[in-house]
Structure formats: C-alpha cells, structure tokens
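Below is the structure I would like to discuss, written out as structure tokens.
Chains: A, B, C, D and E, in written order; residue numbering restarts at 1 for each.
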Amino acid sequence: MNWSIVQQGIPTYEKAFMITLKLSFWGILGAIIVGLIVSFVRYFKVPVLQRILGAYVELSRNTPLLIQLFFIYYAFPELGFKISAEASGVSGLIFLGGSYMAAAFAGGLEGVPKIQVESGRAIGLTDWQLAQYVVLPQGLSLSIPAIAANVIFLIKETSIFTVVAIPELTNTALDQIGMLYDTNEALFSLVVGYAIILIPLSILLTWLERRARRGSFGN
Amino acid sequence: MANELLTVTHLVKNYGKKEVLHDINFTVEKGSVTVLLGPSGSGKSTLIRCLNGLEEFHGGQINFEDQTITPGFKKWQPLRQHIGMVFQSYDLFPNRTVIDNILLGPLKVQKRDKNEALAQARQLLKEVQLSEYENAYPRQLSGGQKQRIAIVRALTLNPDFMLFDEVTASLDPEMVRGVLEVIEGLAARKMTMLVVTHEMNFAKQIADKVLFLENGKIVEESSGHQFFEQPQTQRAQDFLSSMDF
Amino acid sequence: ATNNSSVSAIKKRGTIKIAVFGDLQPYGWVTKSGKRTGYDVYLARQIGKDLGVKVKFVQVNADSRVDALKSNKVDLVLANFTVTKERKQQVSFAKPYMKVSVGVVSKKSSPVTKASQLKGKKVIVTKGTTAEEYFTKHSNGVTLQKYDSKTQQFNALKNGRAKALADDNSYLFAWVKKHPTYTVGIKTIGPSQTISPAVKKGNTSLLNWTNKEITKLNKKGFFETNYNKNLKPYFGSDIKASDIIITNNK
Amino acid sequence: MAHSGINILFEGRNMVRLLGGLWISAKIAIVAIVVGLILGLILGALRTLHNPILRVILRLYLEFFRVIPTVVLLFLFYYILPQNFNINMGAESMAMLVFALWFAAEMSDIVRGGIISVSPHQVDAGKAIGLNRLQLYYYVLIPQSIQLMIPATINLVSRIIKTTSLLLLISVMDVINIGQQIIEANGQRYENGAFWVYGFIFILYFILCYPLSLWARHLERKEVVTANG
Amino acid sequence: MANELLTVTHLVKNYGKKEVLHDINFTVEKGSVTVLLGPSGSGKSTLIRCLNGLEEFHGGQINFEDQTITPGFKKWQPLRQHIGMVFQSYDLFPNRTVIDNILLGPLKVQKRDKNEALAQARQLLKEVQLSEYENAYPRQLSGGQKQRIAIVRALTLNPDFMLFDEVTASLDPEMVRGVLEVIEGLAARKMTMLVVTHEMNFAKQIADKVLFLENGKIVEESSGHQFFEQPQTQRAQDFLSSMDF
C-alpha cells in the first residue's frame, strides 16, 4: 500500500463521500415519508389505497435495487421518461427503502399492546385521539431500532449507484482501479469512506436495540 | 324501576362460530356493587367488555341510563366517559407521566378546564396515597401503585359506573390489599360497580349481588350474603370449596 | 511463486484463459445464439489452436483488464487493450495487432467536430479506457460520466444523457454504421496508439510465444482474413483495412 | 418500430441464455446458502456462550460483513485475495465464498437472537433435570428457537437472491450480464430492447423472491398464533 | 446429626454490588418439609436457586449429602439429578410431548433403560391423574396440569430432595388445589422438600419448619405450628396479617 497515493486521493474521495451522504440523506428521507404513508394507510386499512400500496410493497421488496435502477435510468427513457442519474439514484432508493421503512413502522405500530388501545378506548378517546396520544408515540418509538437498521442498509445500497455513473464512493474507487491501477489504495479509501459513516451508525443501532429490549420504551 | 342503572337482556356474544355468552340477563342498581364470579374461561371478561363496547355483541340489548344499545351500536365513544374500566394487566400509557395519564381523558375527551381537572386529579391521588408520584412514569411504579393510578384515571372522568376486571390478579400478594381498599372506599361512597375478582374474602365483604357465570350462562344470581353462606347450585358450591384450600 | 501462466503450464493444463469483451461489437461480443465472436475472439481462438489447448473465455469490463491479469484470473488479455505508458508499468504488452485512437461520437443533428465544442458539456466514457484517460488529462471543462460497461455507456448516449461519447474510434466507426443518426464527429483526438495482447508482468514465456505467434500470423495474412470476416461488414466504405490493422511488423 | 420490443426475448437463444444466466446466479446463491446456514448455526450458537474473546471475535466478524456494502465485499475479495494472498479462484467460486461468509454472518445473528429469546425458564428447567450444556442446546435451545429463526432466514435467503444481481460487477455471467449482451447485440433492431430485457429480469427476480416473502409472512403469522396458544 | 440432608452455613450471594442474601444458615432434615416465606423481593427464589446451582453464591458453604459445596463449585450437573426443582412459570419443553418431557432426564442424563423409566413415568402419571395425557403437548394442557407434569418430570429422576418455587402462583385459582394435593402426597411419603409459597393455608398444613426471609436475611426460624400460631417477630406478624384479607 502506497500512502502517498491514498493521500493524493483524499480530495476526490471527499467529494465522493459527500455525494454518498447527500444521496443517502434524500433517499432515506423520502423512504421514511413513503414508509410512514404506507404504514398508516395499511394500519388504518384505508380502502383501495391499501391494496395499491400493498402491490408496491411486494414489487419493492422482491426485486433488487440494481434492476430497479437499470429500469429507471436505462429503460424508462426508452418510453420517454427521463430523469438525471442522481434523481434516478434517489428515486431508486426511495422505491426500495419505502417498503422497508413501512415494515419498520408497521412493526412498531403492531407492537403497541392491545391493552393500550383498549384502555385508551375505555377512557373515551376517539380513534384519532387514540392514534395521536397512544398508538403513534408508542409505536414510533418501538420502531426506532428497525428504522436505524434500515438507514444502515440503505446507505450501503447507495454503492450500487455506481452502475448509473454517479461519482459516489464505489464509482470513484472503481474508477481509480480501472484507470490508475491503484487497487489496494482505492479499496482502502473506499472501505474507510463507508466505515466513517456506518460504524457510528452501527454502534448507535446496537445501543438503540439494547434500550428497546430493556424496555425503556415500554411499561 | 327507576333505580336501575344498567339492564342487560338476552345478551348473546359469539367469537366466530363459538357462542361464548348465551342469553345473559341481569340488572345493576344504582349505588350497588355486583360481583361477577365464575371459573376461568366462563366469559366474565367477555361480558364486562361487552358493557363498554370493547367487544361487539350479537343479540339482545343493553340499557344504560336512558340509552338503548342493540347489536351493531356504534356510538360507544361518548358513552365511555360514563363507564370507567380497569383491567387486569397494567394499562397505563408508558409514554406519559402519571398526571398526564390521568388528565388525558378530562382534557382531550371532556374538554374540561385544566385547573379544575388538575385539582380533582390531585385530590384523588391523595386519596389513594400516591400524591408524590404525580410526575413519575409508570415504569417507576410498582404493580399495585399502577393499578391505583389506573383507578384514579378512570374516576377523574366522573363515571356513573365502574367495571373492574380482576384488577389484582397480576399483583404480588402484598400489593393486593392497597388496591382492594381503594375499591372498598368507592363502594362505601356508593359508586355503582361491577367487579370480577378471584379474591373470595374481598368479594364476600363487598358484594351486594353476586352473578355466578359458567360456560357463558348465569347459573346463579343471588345476594352477596346468600351466595357465600348458602349457594344454591351444586356448581357454585364446588367453586367456592375449590377456592379455599 | 511458480508461473502458472507459462506456456508449459498452459499446455499442461490444456486450457488458456483469455480475457475478452462480451458487449463490444464487432471486437468481442456474443451472438443471439450465445456464441462468442468478434475480431479479438477470432484471434483468441487461433492462439488456442496454435498452442494446442482449449480456450476458456473470461468476460471482462475495461476497468478490470489489468486486475484480471494481476490476480491470475486470465493468462492473456485480448480485449481491445490499448498500449499506454501507465499500463506498461502494470502489465507486459506483446506486439501490436491493431491501430487505434480516441474518437468522439455525437448526434448527427448537432455534431461535435472540435474538442472545444465540449467545453462545459457532459461526455460519456467507460471506466479504465484510454478515452477516459485522455479527457482526464485534457479536461478543458468537460464533465465525464463514467460507466462500467459498453452497454451502459451506449445506452446512456442513446438516452441523451450527455452531449457526446468518447471511446476508441475503431468501434465508434462500427457503432455509427448501425446507428445512422449518430456520427463520429471527431475521428481522432490525442495520440495514435496501438492495441496489443497483454500478459502478466514477468510472464516472459507467454510473452515471447505471443510475439512469435503474431509475427507468424502476420506472415500468413491472418489479420486481413480476420478483418474481412469480422470487421469489414461493420464499417462504412470510408474505412480501409490499413486504418485499423497492423500488417507490417517492426 | 412496427415490431414489438418484447420479441427481443424470443430472438435466437436469448431466452435460454437469460435463464442460463439465472441458473448461474441461483447456483451461487444455493451453495452460499447451504454453507452459510451450517456455518451460521454454529457461529450463532457459539455467540451465546459466555466466552468474552469468542464473543468479540464473532461480533467483529459480523460487523465487518454488516458494515461493508456487499459490492465492496465482492471487490475486496475479487482483487485483494489473489493479489495479496496468492489465493486464486474463479469469479463464481469467489462469489460463493463471499456470499457464504456474508450469509453466515447474518445467520449467526438470527440464530443468536433466536436462542436468547428462548425463555430463561426453559434453560433453568433443562439444567434442573441435569442436562449438560451440549444437551441443553440440542434438546432445548435449538429446537425451540428454530421456529423463530425460519421467517428471518427466509428473508435472508430472499436478500441473497436479490444480491446476486451484483455479480454483474465482477464479471460473472449472471442473468443481468447476459441481458446486457443481448441488449448490445440486438440494439439496433429493437430500439427499446433495454426496457424489455430489464423488465424481464425484473420479473424473474420477482418470481423468485415473491413466494419466499409470502412463505415467511405465513410462518410469522402462524408463530403469533401458536405463541398465544 | 446424621439426619441432615442439607446444611447451609454463612451463605452470601450478590447481584453485582448488591448483596441479596446475607449470612444464611439453616438445615433441612431428611424427610421433612421446610417452607420458605417472606415478602416479594426478599430473596426466596434466589436462595432456592443457589441450592441447585442455578445461581452462583459468593460466600459460605452448602453441604448436601456427603458433598461440600463452596463458591465457584462447578460440578452441579451430576448433582442436579438428586435435587428436583419445579418453578413458578410453566417450564415444560413446548416442543416435546408430555412423556418425552418426562423421559428426557432419565434417558439422556441418567442413561437408564427405556422400559424401566417408562414404567416409572407411567406410574407417576397415574398418581397425578394425567395418564391420558401421555402423548399430549404442553400447550394442550391447563396450567395446573402442566405443573403436575413438571413435578412428575422432576420425580422420575428419583431425587433425594425437591425444591418448589411458588409453583401455584401463575395458576387460575381453581387449578391450585390439584397441584397442592400432589405436593401434600409427597410430604406424606416423606420426601424431603423446600417449598416457597404464598398459599398460607397450605403452608400451615404442610410445614415442619418455617424460614421467614426478609431483605436477604432469615429473620425467623421456627416450627410450622409455632410460626402460624405465635409468630415471634413483629415483621412476621405483619406479613401474616397482610396475607389474609
């Protein structure tokens, strides 16, 4: 390993790192919004919409992001629908992540004990008040560990953006390998780049899970 | 009779194809304590839950105050302010403090004045000797304390009728007494109550009327005194003798 | 470590592993019946025949050709591998068998004929190609979009993801013949270069053998045959064999 | 374009080739799953022991495979192993190795989660009748947690199938790579060939993964029912 | 005295920094029933679990039969065949039938002959009146039935000593009696037992000796008769009165 090569590459990787972060941020934010909508629609059993979103969830969960991206980026334009690489990446991440986030939220909502809903009813809360004061606050905090796990998962998935020529971390490293043949140095910078984002998140996740298991969120 | 708060007539309830309550008939007089006894699985919880709409029922009717309730009735929500209920499992909201648990109903459902509701809540907390826990979270309380708070939460809505479903069944034995004393206090103040319990001494002490349920039918209905001294049916006799070892 | 890509090792094994492209018509590609074909593949088969061994094809992308050799995934690369100074430090090139230069393809309706027209525009390249190298060195305000494979890069061009696409002119000529709405507006940019077989550095045994083989094939006129068979049908009439292949040996 | 792009799928041997590519992906997934399952079961059980050194090592192993994106793992093994450790294997066996190690890492966490969720009373009861540690795992912990592990394991299998799409990037002739060859070779005859080929691959993956997700959900629901019984 | 099965001397147990058992001393005579009473959290379960190695202890020693056990003792596993234990929570293995639950220990731990063990198991099942459930799974049984099976499972190992930790505490009230009767039967047959229970009537009936535990200390030790009729300490008196409501 040649450290001066690693050092020279830092500015390029910094840029790539920021792109990875930026796209992850928008993708995850979008996924959370989609996830909330989907989980609410399904929890409150909104007719029709519930079925449509159910079909979306199945498509999203049962196909790889790579193909989803190929589709958005390479195939859709053939049908006259074209968005930029970055927009394709973020849309792909939202399409994939939305269903995962929905599952995380649904897990939290279903994790609220039935007795909580019943005792809310027993003191006369309306359905909406029940959601507002009992189900959502408890359900959302129950779903935090699953959401954190999804965040890590989705950030890792951005590595696939390389196939649509977005100069994020993976694309940058592969480029360095292909053009300058600095394989070891490129892979080193790449792993460091992801580690900086993911290790703190992974520690946070472990902590959240332990907290959830110890029941600080519960009774 | 003008003195009846609740009348249940020919009530039927199914879970799917299984009929778990068959032709239930009884009345609850204002200011009286009715105790519901019966073996496990006989339908006590189901019956009590039908009375505030947590379960649907499928036949017969319930008259509560001036309301007539028939199967498919939808407007339970406003009615529930008049019917308090406390469950076996601790059912406080873990994400809210004791006082927030208590005030949720009065403020959000009844839209009452905050100061007035708070004053009432504090008074009741004092009566159950838990004033200092006003700002605690449920997880900081013992089981017995949680159940007393749950009773206060129900009472702060000023209900006309209280339902208790084995509220001491999950408690450590030494915690039981404190909770039962609170209920006794309510009885002394003529709160109308329907109580499911397995504490026979307590039932004996408190019951104006006993309903003995088995397999979803009321097999014996008598005054508290009579039930414990001279049970009419063989089944009730067996039940009572199995209870004291 | 012993050289398990030496000629004797290959003969003993009975197979030679050769890196080729799979999506680069007409050099290395796969027909709809699943058969590998093309100018490089034809050469590869001949080499196998002359070595007396079977050929095992390993499909590579441009950016993995060096590593395929370095990590012993293949013995020989025949994947339109342009000889450059940087690459010479990584692998050993045998005698050249083709000429090449970077070209730029764009839409016929708004053709790019001068490099200066690309200023501030997006240009598509494949990672690890000489085109990428050229535009990285002489960027002049060009933004590069870097793809993994030829399929992806041509798809992106067709979808209008950039103003132009830069790659070896030899296959751009072929590509525009099939896609007549495009033109190779800049036929050559940067230096003239050559394409050679490559082996792992230090594998003198296979290197020497390959050099002799190319000389021998040249004498037999193999490359003309190969050109006529695999390339000619893909080029317009303005391209001559001598524009592409190298026949006289230095 | 008078002819429909869908015909690109039926040109020549295209369909057979695509399915052949799918088989390559499936083969890699199957080997990885079988090896990973066995390894994961052992590692997961080891992780429930109270040996701190073992715990740290296995935890690091898990974190390594969990933190690093699979694409990067593939490249790491693909480039680093042969060049720096002089281990040589074909891209396919290398992919099997990476996926198997990855599967084992994730599996070990599922197994550990399953085992520690067996009620401690069961462990006490097993000890109280004199079972030794191995017997405790064999007769009590593993059989009781296996039902809990199955849905998560099915989800993991579905994940690994989806992840085989990345094989494209390390030159394995998987279904997507073959799809690209087809798009390229037939590009001028079928202008929207990419749509049909990628669409077909999209559906192929869906057909493989959807039944798995249905099955996992069915088992999860059943579990809720039996847990209450 | 040759008649002692178990002697505990100066036993100390910590959870982390918290000392939960302080200097515990007592003996259990062969063929006697010792009842361990005390408020919740006083350390009853912890003590009983130290006696068969489910918890480590940190000071003092235990003498069981001819074994001397000091802190850090590792060879509990063979010893546990001689010490049966039944817990509060139903602890049958849900993945095995009743008979497989019972035979696991005799066959796999004791490597006994299958027919012989089976015969013994069937005999015991008959005694607890559950012969027909031989091939049922635990989930098909009521709580009381499960606890009786758990007792049979422990007895089939032919233990010299039985530990019972609140075995009726999770049962429906009507199920309690059946289980207690089985334990009474064992007492009548002079099985040496240490019993934790909250059923005072039962304790009174069965106890040869009572140990009253509070905050991890034995605050009163007396004969069963004396404890219930004339408790020595104020704490024991309070405890007894809190128990009957």
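Heads up, the rule we're going with is that a contact is a pair of C-beta atoms (placed from the backbone, for glycine too) under 8 Å apart; a residue touches a chain by one contact, two chains touch by 3 or more.
Every value quoted in this text rests on a predicted model; they were computed, and no experiment measured them.
Student: Using the touch definition up top, find the fewest steps from chain C to chain E.
Tutor: Minimum step count, chain C to chain E: 2.
Student: Tell me, which chains sit next to both chain A and chain C?
Tutor: D
Student: Which pair, A-D or A-B, has more C-beta contacts?
Tutor: A-D
Student: Any idea how many Å lie between the Cα centroids of chain A and chain E?
Tutor: Whole-Å distance between the two chain centres: 52.
Student: Nearest whole angstrom, what separates the Cα centre of chain D from the Cα centre of chain E?
Tutor: Centres of chain D and chain E (C-alpha means) sit 47 Å apart.
Student: I'd like to verify one number: the distance from the centre of chain C to the centre of chain D, where each centre is the average of its C-alpha atoms, in whole angstrom.
Tutor: 36
Student: Give me the residues of chain C that touch two or more other chains.
Tutor: Correct list: 61, 64, 67, 70, 148, 152, 155.
Student: For chain D, give me the residues that contact two or more of the other chains.
Tutor: Residues 79, 83, 169, 194.
Student: If two chains touch, include that pair; go through all of them.
Tutor: Applying the touch rule to all chain pairs gives A-B, A-C, A-D, B-E, C-D, D-E.
Student: Where on chain D is chain A touching in the complex?
Tutor: 63, 66-72, 75-76, 79-80, 83-84, 158, 162-166, 168-169, 176, 191-192, 194-195, 198-199, 201-202, 205-206, 208-210, 212-213
Student: Touching chain D in the complex: which residues of chain A?
Tutor: Of all residues in chain A, those touching chain D are 58-59, 61-68, 70-71, 74-76, 78-79, 152, 156-160, 162-163, 170, 173-174, 177, 183-184, 187, 190-191, 194-195, 198-199, 202.
Student: Can you name the residues of chain A that touch chain C in the complex?
Tutor: That would be residues 73-74, 77-78, 82, 85, 162-163, 165, 167, 171, 174-175, 177-181, 183 of chain A.
Student: Along chain C, where are the residues that touch chain A in the complex?
Tutor: Its residues touching chain A are 61-64, 66-67, 70, 86-87, 89-90, 124, 127-128, 132-133, 136, 145-148, 152, 155-156, 159-161.
Student: Which positions of chain D touch chain E when the two form their complex?
Tutor: Contact set of chain D toward chain E: 119, 121-122, 124-132, 135, 139-140, 143-144, 226, 229.
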